[in-house]
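Encoded as structure tokens, the structure appears first; notes follow it.
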Amino acid sequence: MGAGDGHKLWIFPDGDLPPAGQPGLPLEGHESLIVLNTGDEDAHIEIDVFFSDSDPVEGLRVKVPARRVRVFRIDKPLGEQAFDIPFGQYSLRLRSNVNIIAQLGRADVRQPNLAYYTVMGFSAD
Amino acid sequence: MGAGDGHKLWIFPDGDLPPAGQPGLPLEGHESLIVLNTGDEDAHIEIDVFFSDSDPVEGLRVKVPARRVRVFRIDKPLGEQAFDIPFGQYSLRLRSNVNIIAQLGRADVRQPNLAYYTVMGFSAD
Amino acid sequence: MGAGDGHKLWIFPDGDLPPAGQPGLPLEGHESLIVLNTGDEDAHIEIDVFFSDSDPVEGLRVKVPARRVRVFRIDKPLGEQAFDIPFGQYSLRLRSNVNIIAQLGRADVRQPNLAYYTVMGFSAD
Amino acid sequence: MGAGDGHKLWIFPDGDLPPAGQPGLPLEGHESLIVLNTGDEDAHIEIDVFFSDSDPVEGLRVKVPARRVRVFRIDKPLGEQAFDIPFGQYSLRLRSNVNIIAQLGRADVRQPNLAYYTVMGFSAD
């Protein structure tokens, strides 16, 4: 196989962390970034985080091993730099050394019932 | 960097403002247009609004500064012209002078629990 | 302007009509096909409906006037032929004489609260 | 017609089977893969399943007859090999001998009310 499927650039305009919700719910409110690497080479990815009123934070490093899918919780410290994304509007840009496929999901539990939100990223090379 | 990521034309066929809902809910019913500008130049965008049975309203002007994401509430006056989009079916077309990435979301609270809806726009140059 | 935005072929693999739900709910369970025509020429569209175990029904005719968006309820008779799509899995293919943009949505109310589902179509020329 | 619409490669990064939920709910928690074949030739598809921490399972065989849509429940044994996808994060890659269009949906009922999630796949040839 060698080269994996997908693109090297992925962008998600609409990130906005929901509250975690009450303890004891079947699912905690959160957002997750899912990255699939179907190739034979590890994916080294830099994540840039954009905001409404301040400069972007660039170059958060994450890795997805060859032939693996990895989930990155956005409500946890992100990347080798362990950056905490603050509450409020943000966007993500992923730049990878190899082809990947990325998707962003939100689970919102600020109510008795779960609401889902998911979107395949905008992709390019 | 210079030129940003994405496309200059973005289209969202399915807009339909939900009711705001009861006061005191954790989230107000609304739709939002999210626009990310990853480039070094401000994005000057014209928004055209299409309807089912009347001519489109064209050229609502909004701006997204360089390296910023901005959220435009559809249930608030839109653009420099402060146009109020009426209830009922509508579509949006964005035309930008520089590359952008756009996404449209709805939060519906006409029930005790939130329902989410999101869609990445159709894009072209 | 002349030619409108989008593509002439749009496909939605996953259609499955939800029940209408109890009378008196704020929203009736249904699916809707939304079609935007940004061009100056009326769009004449043929809709083909695919099923799991029988031949497709082809050539249902609908029209979207120039510079208009139209919503086609899937739980109502569809096209000039007034075809009733039965309950169960179905797919839609739209073929248009001019460029259009199409999106499919579901509102499910078989529970006290609404659940949303939406998807931009797969498009090509 | 002959050749059908779509692409031969489809990828879904974010699979994660929800619990089936209590008996007697109007809808069972599950994920479904929907595949449409608009062409005149049967589609022979190989599905590869990727995981977070183990090697992918490759080559699960499914078939979608000419001019048909088929739904594959992910919470049931998948393909001729009747492979049971375990709970936890997984990704799907479909490789087909002919063009197809694929979509993945989740219905989550781990709460009194249903939550929907759907995504059109990333596609390429």
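Note that the chains are named A, B, C and D in the order they appear, and that numbering of residues resets to 1 at the start of each chain.
As a convention for this text, contacts are C-beta pairs under 8 Å (C-beta built on N, C-alpha and C of every residue); 3 or more make two chains touch, one makes a residue touch a chain.
Every value quoted in this text rests on a predicted model; they were computed, and no experiment measured them.
Residue numbers at the subunit C-subunit D interface: does the shared fraction exceed half, giving same, or fall under half, giving different?
Different-residue interface.
Can you grab the rotation angle between subunit A and subunit D? Superpose on CA, round to the nearest 5°.
The C-alpha superposition of subunit A onto subunit D needs 90 degrees.
Measuring from the mean C-alpha position of subunit B to the mean C-alpha position of subunit C, what distance in angstrom results?
22
What whole-Å value do you get for the distance between subunit B and subunit D if each is reduced to the mean of its CA atoms?
That gives a centre separation of 31 Å.
So which bits of subunit B are touching at least two other chains?
112-113, 115-120, in rising order.
List the residues on subunit C that touch subunit D in their complex, please.
9, 11-14, 48, 50-53, 55-56, 89-91, 93, 106, 108, 110-113, 115-122, 124
Using the touch definition from the top, list the residues of subunit A that touch subunit D in their complex.
Touching subunit D from subunit A are residues 5-6, 26-27, 32, 34-36, 38, 67-71, 101-103, 105, 112-120, 123.
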